[in-house]
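A, B and C are the chain letters, set down in written order, and residue numbers restart from 1 in every chain.
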Amino acid sequence: MQNKKIALRLIKDRLFSTVLIIISSFSVVPLGFILYFLVVKGATAINLEFLLSGPNPYGEPGGGIAHAIVGTLILILLAAVISIPFGLSIGIFLAEFQKSKLAYWVRLGVDILQGIPSIVIGIIAWSWIVRPMRAFTALSGGIALALMMLPIIVRSTEETIKLIPTSIKEASLSLGVSYYHTILKVILPSGISGIVCGILLSVARIAGETAPLIFTAFGSRFMNLNIMKPVESMPLLIYRYASSPYRDLHTMAWGASFVLVVFVLTLNIVAKGVCKRWCIKY
Amino acid sequence: MVHKVLMINDFSAYFGKDKVVKNITLAIEDSKITAVMGPSGCGKSTLLRSVNRMHELNPNTSVSGSIVLKGNDIYRMNPILLRRHIGMVFQRPNPFPTMSIYDNVIAGYKLNGIKLTRQERDSIVEESLKKAALWDEVKDSLRKKGTFLSGGQQQRLCIARALAMKPEIMLLDEPTSALDPKATAFIEELIVQLKKTVTIVLVTHNIAQAARVSDYTAFLFLGELIEFGVTEKIFTVPSDKRTEEYLTGKFG
Amino acid sequence: MIQDKINKLKEKLITAASIVQMMIEKSIVGLTEGYSDKLFEVFRHEKDVNLMEIEIEEMCTNVIALHQPEAKDLRTVLMIYKINNDIERIGDQAVNIAESSQFLIERQILKLTNSLPHMARETIDMIRDSISAFADNDTKLSMQVCERDSIVDKLHENIIHELIGIMINDPKTIERALHLIRISKNLERIADLSTNIAEDTIFMVAGRVIKHNVES
C-alpha cells in the first residue's frame, strides 16, 4: 500500500517537471518566430545604401534609414546624459538612507514613475517642454526617454549598492576618508558592474519606444544633428512606413525592425556579459 | 613615568535613549596591549568605536564625558583628521575589492588625496607589509587584487593598511573571530610583536585570547567597567566576584 | 609564546637547583675541612633559594592561567611546580647540615671512617644527575637515580651502626655523634628528594607514574 502511494508521488513529480519544461520551451518559440519573420522579411531590405543613406524624395525608390539610426543614437545619448546623474544620485541616496522618511516618499515616487504609460509621459513632455518652446525638438524627446530610464537606473543602483558589505564602507571611513570620497572612490567602483548593467538595460528598454516620441521628437525626413530641431528615430520610422500604403516602404519597415531588434538583443547580451565579467567579488 | 596615550573619562555612549556604555573611566598605556573583554552586548565594541568616532556615524547616537588622545579632546577635533591618526581593524577582513594589494596598503593616502613620491609610496608599502608579516608572501604579486588572498592574509593586509598611516593607536575589533585557528595564532603573535611600535586596544569575546596576548585587561559587563588591571592579576586573583564568575564560565 | 615562558621556567629551576647543590657541597666541605666561612655562605644562599621558590611558583601559576597548557606542556609546568618545592626542601636540609657542621667544627672532630664523605659524594651525585636528567629530558638517567637511593639508605644504616658503637664506648661523644646522625639523616632525606625529582621528570617526559612503586 505504501509503495503504491510513493510510486504515485514519483509519477506526479516527473509529470510536474515535464510540464514546467514544456511550458518554458514554448516561451522561446515566439521569440524564434519573431526573429525568423524579421530575417525573412527584412533581410532583403538590408544593404549598404539602406544603412548609410537618408530617405529619397517622395515617390523615388531606394533610400535608407541612416537618419533614423543617427536620430535614435542622439536620443539615447541625450536621455543617458540626463538620466544617469540623477539616477545614480537617487539610487545612492536610497541605498544610504534607507530608513529615512524622505527615502520612503522618493522610492514611492520612482515606483509610480515606472508605472506611468509611455504615451502619458510623451504627453507630459509635450505640455512641459514642447508647448513652451513652441517646437518639436530632439531635446524634448531625450527628456521623455530619460524619465523612462530613470526608475531602472535608480533601482539597479540601489540594489547594487545595498549588496556591497558595510565593512568596505567602514574600512574607508576608519582611514579618515570623507563620506563623499568614500562613495565616489570606493563604493561606486565596487558596484560598477551592477550599475553599468542597469544603465545598459535601461537603454535597451527605451531604444524601441515610440509613444513618447510622437509628440516630442516628432520625427523628420532629414538627417539632423541639432538637438533643438525634430529628429527621426527607428521606432517612429517603422510606425510611419508600416502604416503607409507603399509596398517598398513596408519592406524598409521590416528591415528597420530587424536592425532595431538586433540592436536591443545585443545590448541585453552585452549587459549580461558585463554583469558577469566585471563583477567584483568581496 | 608611565605614559598614558588614551584617557577615557566618565564616558557614556547612547543609541537613542539606550545607555550602552555607562560612565567608563579607563587609561590606556603607551606601547602596551589592552584587552577589553566581556559577554556579547556589554558595550565593548561601542566603546572601541567611540574612540575613533565611528559610533557617531550610526543614526540617532550621542555621547557624554570625554576621551583624550595624547592630550587632545577627540570631540573637539575634526573627526576625519582624528581617524587618520587611529588605525582600525575589523572582525571581517575588508580589503578594498577594486584595488591591488599595493594600492590597498596606501589606500589611506590615495583616498585622502595625500601626495607622495613614487619612492615614498614604495617604502611605505614595503615597511607596512613587513610589519604585518605579509611582505614575503606577497612581494612578487603586489599588483594582484587583494581579495585573492586567504582570510588570514587578508586580515594582515588590513593591518598593514592601518599601519601605513602611522597611527598613534590601533583599535582591533575581534580581529580573529572570522579566522581559522592557525591564522588566529599567527595574528596573535603578530599583535604581540606590534606593540613595540604602536599602542593596541583589542576587543575580544575570547577570554583565552585576552589572557594570551594582552598586558592589561578591562572587563566590561552591561556597559559598566567592572574591573581593570594587569592581565596576570585579573586571570589569577580577580578582585571582583563578577569577573571571577565570567572567567570561570558562570555566564557569558 | 608559551614555549618561551616554559623555557624560562626550566632555566630558573635549574639555576635554583645548582644553588642548592652548591649549598650541600659547601656545607660538607665546611665540615670536612673545618672552614666556617663556607658554612656562612650556605646560610646566605638560603635566602636566595627561598625567593626563587616564590618566583617560580608565581611563574607557573601565570603560565597555567594565561596559556592553558596541554599535554606535555601541562605536565612540564605541573612538575616544575613540584620539583621547585623539593629543591627548596633540599635547601633546608643543606642548611641543617651546615648548622650541625658549625657545631661540630667548634669542637673536637669525631673519628669516623670514610663513610660520611662517601655518602655525601653519592648524595651530591644523585641530585646532580636528577637535575641533569630533568634538563635533558633523560628518562634513563632518572631511572638510574631512583635505583641508587637504596645505596644511600644502606650507607645511612652503616653510619648509624658505627656511631652507636662509638656512643656506647664513650658517652662523652654522644652530643657530637647525634649531630653526625642528624647530618647523615639530612643527606638521606636529600637523596629521597632527588628520587622524587627523578620520578617527576619521568612523568613529565613520558607520562608514566613510577612513584610509590607503581611500576609500568
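Definition applied: a residue touches a chain if its C-beta (ideal position, glycine included) is under 8 Å from a C-beta of that chain, and two chains touch if they have at least 3 such contacts.
Here the structure is a predicted model, which is why all the values come from computation and not from measurement.
A.B. asks: Indicate, using Cα centroids, the chain positioned nearest the centre of all protein chains shown.
C.D. replies: Answer for the innermost chain: B.
A.B. asks: Could you tell me between which two chains the number of C-beta pairs in contact is largest?
C.D. replies: A-B
A.B. asks: With centres defined by CA atoms only, which chain is the most remote from chain B?
C.D. replies: Comparing chain centres, C lies farthest from chain B.
A.B. asks: Can you check how far apart chain B and chain C are, centre to centre, with Cα atoms defining each centre and the answer in Å?
C.D. replies: So the centre of chain B lies 50 Å away from the centre of chain C.
A.B. asks: Provide the C-alpha centroid distance between chain A and chain C, rounded to the nearest whole angstrom.
C.D. replies: Averaging C-alpha atoms per chain gives centres 93 Å apart.
A.B. asks: How many angstrom between the C-alpha centroids of chain B and chain A?
C.D. replies: Centre separation, chain A to chain B: 47 Å.
A.B. asks: Considering the complex alone, what residue numbers of chain B touch chain A?
C.D. replies: 52, 54, 57, 59, 80-88, 90, 92, 94-98, 107-108, 111-113, 147, 158, 161-162, 165
A.B. asks: For the complex, which residues does chain B have touching chain C?
C.D. replies: 188-189, 192, 208, 211-212, 231-232, 235-236
A.B. asks: For a test of understanding, state which residues of chain A touch chain B in their complex under the given definition.
C.D. replies: By the definition above, chain A touches chain B via 99, 165, 167-168, 170-178, 181-182, 185-186, 189-190, 192, 280-282.
A.B. asks: For the complex, which residues does chain C have touching chain B?
C.D. replies: That would be residues 1, 61-62, 65-68 of chain C.
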